[in-house]
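Have a look at these structures, which come just after this line.
In what comes next, chain A is part of two complexes: it sits with chain B in the first one and with chain C in the second one.
Entry: the complex of A and B
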């Protein structure tokens, strides 16, 4: 190519590239949420709507999910065809994929989403408020259904950032619990797990006196910190969702304890690069206490059995007053499409929340079912499973604690705050025994509030 | 008559000239069409996968793009980046990472290449051995090194403890290495003298392990291009050992050295995978390099526009460094 033609070609490339840039798709637009009566008026007969659901579970869970959806496809009177797809290996994978799909204008009909993720989607006008669908006389939940659901689970999806809009619906949940090595605890002279924080620290430090042992596994994870704040009677976000409050007394006490226990070598820090590092150490009998999700109970049972076995159990984290636990588990959010597709999506979710489906799902995955009436069937199923039978008694206790669940922060931008809690708080106090806990928390809350403001609905 | 003949001849020439010219034009057109036709696939690929993302990225950097398309805000993201202490700190960590990594890698690689260039037993085996870390999956090797560095179960600390030494926190340590050394002898160093964090040094150890083999291979190819007769002539003149290296090997290896320095510096500025796997940029922000910072701004904080602006600024820094390096080192490179 001659030199004088080069600028022309470059100009042509520039124009083409800019033209392509200008042609990017936008997020889909649809009608706003309607009232329950308007939902009642939608007729799905003969519409034969297809619904795609993205989740983050393994292939065997996908098989069960699709099996249940096939039953729905065969039984629903509207010809709705639902299809489950693995959107990624983790909630974050699905979240990243949906972010890209929203930009590309191709989100699925339904996807698993944490409350804060759903809020972010809502801030982009990509998901809908499910209130009118839940309230619909024709398609919604009956009074019996509502009474059967754990109230804390239903409440967890009402988003304070969007005037209580319900941006997801629960089909599974779990709680942050304290796993403890019962045999070791007895050896140390205690016949029950600690119920106060003072007792917890004392026992953990006693356990850490043995060579290569630690009393507690500390994870670089905001949820671990949040669970402690809840158990101490505090909150991460104010109830109205307008400001972060984890710098209050409960947060200070939690962070000070982490700092003290790190300085006294009572805990072992699990490196971020080690997945399930706390579970492996616990199974090997190297750690006395671990705070982790109840959904991992089956895996703990398996790991402990493989490593030789000892008696273990779960309990709520030590408390400072009324029982408060960290409630985990993503809900199902419905993306904005046509009124018919949105309604069909709601019917799929409603089906998955029914007793039979939530029981099968819980027995397979280790999550809690969303209905109290599922308790006996799930526990019976777990007991019948040789691999997980040892966890069944611990699992049964979760039903008593389910309504004590609290959500960390259901607002958009919480992922950034989670990162802050690790980088600006946990990592700092572990590395500096003299760091001013209150000053760190105050500074982190200022940053967190800036993130909250940045992500506030326009 | 003669005039008519002359005119016919003249018009005949003109006609044949026109025909010739048309044929030439047609040929030229065909050649051009063929040329552009052959170029088209590459140009289309360049437009779609290079220019479009580049201009798209630049456009995004001028907006407050979050999940969906944002409003045009001019150069506000760039202004914000220049006053963002987090970004400056990340650039500082990247410079530190680069300043320590590059000489360390190149020094070891040059030494290894020089040794492997000698006629030693099992040379091919050693060449393969040093190159293996480079061809090993980053995810796998980084995960293994993270385990080696584990404070409580890692073999490195076990080894230190077996020798009666205290284990280190390696990837979890935010304190500077000089601070740690001073603390061992009871001296409390001020933050300004703390030095790079042990977590960053641990990453540099991994980086060196991975890339030394690659750099060694490049140096080996450079060494093999140096004519043997130069060494023979120098030996006849009484030169040996260090003098041969100083006056023949090092100058004639300069094009390779220049290239290796260039790609290593660019590589350290782009480093992401192993840092993300081993530390995620932590503990705190001790290993948050520019690339990790940009990634976090996009994925964790959903600041797509801002992270695009940060990417362009980092690109400018790399470009400036490359130009600077060309200016400083370019004249000293001996090509013949």
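Entry: the complex of A and C
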């Protein structure tokens, strides 16, 4: 090699090296990159911190939760004492109470919160980003833990409105599924649930030809619509969280189908005031298909056993391509206090997400556990439970679908958009077979974007 | 001879309207009692009368025991939480009614029978607060409870409800009918305002006072959202909050158990109403308030 060509070769090698470095996959976020080392430096020894957790579950669930926390209290080496409290009967009750507590200066350490509620707390600078805690070498999740968690569940709490800050951590989840009356489906001449929307509409309308029967129970609320949009390959909110996109093709197709099926009397509308009306009517054998949360599966099993006594099962909603399902379930958010209290709170949440605890919680409540490794234990527990046994096989299928979960909209102000979807879209197309679906969706998205803008972090 | 059938027809129509109204009023109670005695299956299959002679289902009395057991157990006292809730409801309602009566009587007396400068303007301001929806003041009130350090105490459950604008208004209207001469006579006999109020005005205003007591008893007994917001554990919660256990979660509602629980919750209200109904009607009629 001539000396003259050496610099050119060196430059070439340098460029090649840089290019290769750029092409390498991103390394997992290390503790230093995400502030984990700061968390590692906190020493909780002898601090005896008290942690209060607010939730919205029943007294019997509270008993189980406290039982698990008592085990944590007895076993953690830092003297942390965790206490669970029923903050309200619904997510909204807890949300209202927390807002008052934030203003009163006494929020709990941890509370259940949907992603959009956590975003509202974050707007008030009241909750913290859990990324450094998750990444902490000393207190965070190990590589095995991360691999065991359903990735879609972990991803669901990263908030696009706050540069991907993780404003909550999952300890439970559920999926929107299609409940169907298997016996009735067979009678109609089908040996499997519909997998396409065309087939779904055809079967539902066929079922509705019987007197006082309906093919589909349409729940009058936004999540039902969102589930259909996802299953058709669309989204409610853009991936970067900057605009609503439910007026795209998937949204148009979903709304047009609702309008058509309402006009053809293939569906029955379930108003919000008729609490669990879809479940009762399904159990009574009056409805062929219901889209609802998988967390209600044991109630479906119980209701069908007491009323209709027919064979039923669940399936994903009909799809237009790759499997996408609506992922439900509030996470645990940690409120801003002292670094020690925040860390203690994280350790409580981490404990609740461990295999043993997530298994017990899932087996009691019907939610999905957050770890794949819990599957066998949860299924075994359900099969041993008289109330649950008939639903266990259906429940087992959820594990295959868990990573197909998508979150509706994790941004602040989504509750207003939910109301909009109900009043400006669903109500209108049900009552007006000639309403212009595209125009309605476009107008609703304009309003939704205004809500998004109003609630954007300052 | 000619008029009689017309009067009878008129009365018949009045009775018919009243009977329809009474049936509509009583229907929710009938639904509650019948649902409480049905099985879950009978409710799901919409059977109105699943018992003899139209069906073969026995009356499901066990729903009551199950409803009591299903809302949880108080491990501190070793009893079902139902009894703890019941005790809390009695304490909170008792204190609220007693406190409201005392404050309402004194405020109404001052506004009706004392010569106070600007009392009509004060009364108007007082009444104006009725126009503010309760939901609007809920969160600020909770914030105050947190700031006062009353969270999860009886003070939080009772104190914010001790002033009843409606109670003051009702009693003021009633007290205004008391002749001024009575006070003059009492004054000659050496009685002051306090003596006159409790010895003369209160006894003759019994119907109005009982009306205020009954209405506040019902409001306090049925209060759900407030106790839920300002308490944190089962030891401080009341029956109305206990009932939400049947609706918590995301799966479904055990209607038969919820109705069994609800029918137990309304018993004290019904008893109190039947004891006081004579005075209640009189109180409403004499103050000119249409209930």
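The working rule: the second predicted complex is superposed on the first by the 423 of 458 C-alpha atoms of A that agree within 3 Å, B and C clash if a C-alpha of one lies under 4 Å from a C-alpha of the other, contacts with A are read in each partner's own complex, and residues count from 1 in each chain.
Simple rule for what comes next: a contact is a pair of C-beta atoms (placed from the backbone, for glycine too) under 8 Å apart; a residue touches a chain by one contact, two chains touch by 3 or more.
Quick caveat: nothing in here was measured; it's all calculated off a predicted structure.
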A:135 in the overlay: touching chain B, chain C, both, or neither? Say first, second, both or neither.
neither
Which of chain B and chain C A:274 touches, first, second, both or neither:
first
Between chain B (first) and chain C (second), which does A:306 come into contact with in this model arrangement: first, second, both, or neither?
second
Chain B versus chain C as contact partner of A:96, first or second or both or neither:
both
Considering only the touch criterion stated at the top, classify A:428 as touching first (chain B), second (chain C), both, or neither.
first
Can A:76 be said to touch chain B (first), chain C (second), both, or neither?
neither
After lining up the shared chain so the two structures overlap, which partner does A:120 touch, if you call chain B first and chain C second: first, second, both or neither?
first
Does the superposition put A:61 against chain B (first), chain C (second), both, or neither?
second
Quick check on my understanding: which residues of chain A belong to both its chain B contact set and its chain C contact set?
96, 99, 103
Contact set on chain A toward chain B in their complex
1, 9, 13-14, 16-18, 20-21, 24, 26-27, 96, 99, 102-103, 120-121, 123-124, 126, 212, 214, 220, 268-269, 271-274, 281, 413, 415-416, 419, 422-424, 427-428, 430-432, 451, 455
Flag every residue of chain C that touches chain A in the complex, lowest number first.
39-41, 43-46, 70-73, 81, 138-139, 142-147, 151, 225, 228-229, 232-234, 242, 244-245, 247-253
Quick one: which bits of chain A touch chain C in the complex? Just the residue numbers, please.
52, 56-63, 85-90, 93, 96-97, 99-101, 103-106, 174, 275-276, 279-280, 283-284, 293, 295-300, 302-303, 306-307, 328, 365-366
Would you pull the chain B residues touching chain A in the complex into a rising list?
35, 39, 43, 46-48, 51-52, 54-56, 59, 66-69, 142-143, 146-147, 149-153, 171-175, 277-285, 296, 299-302
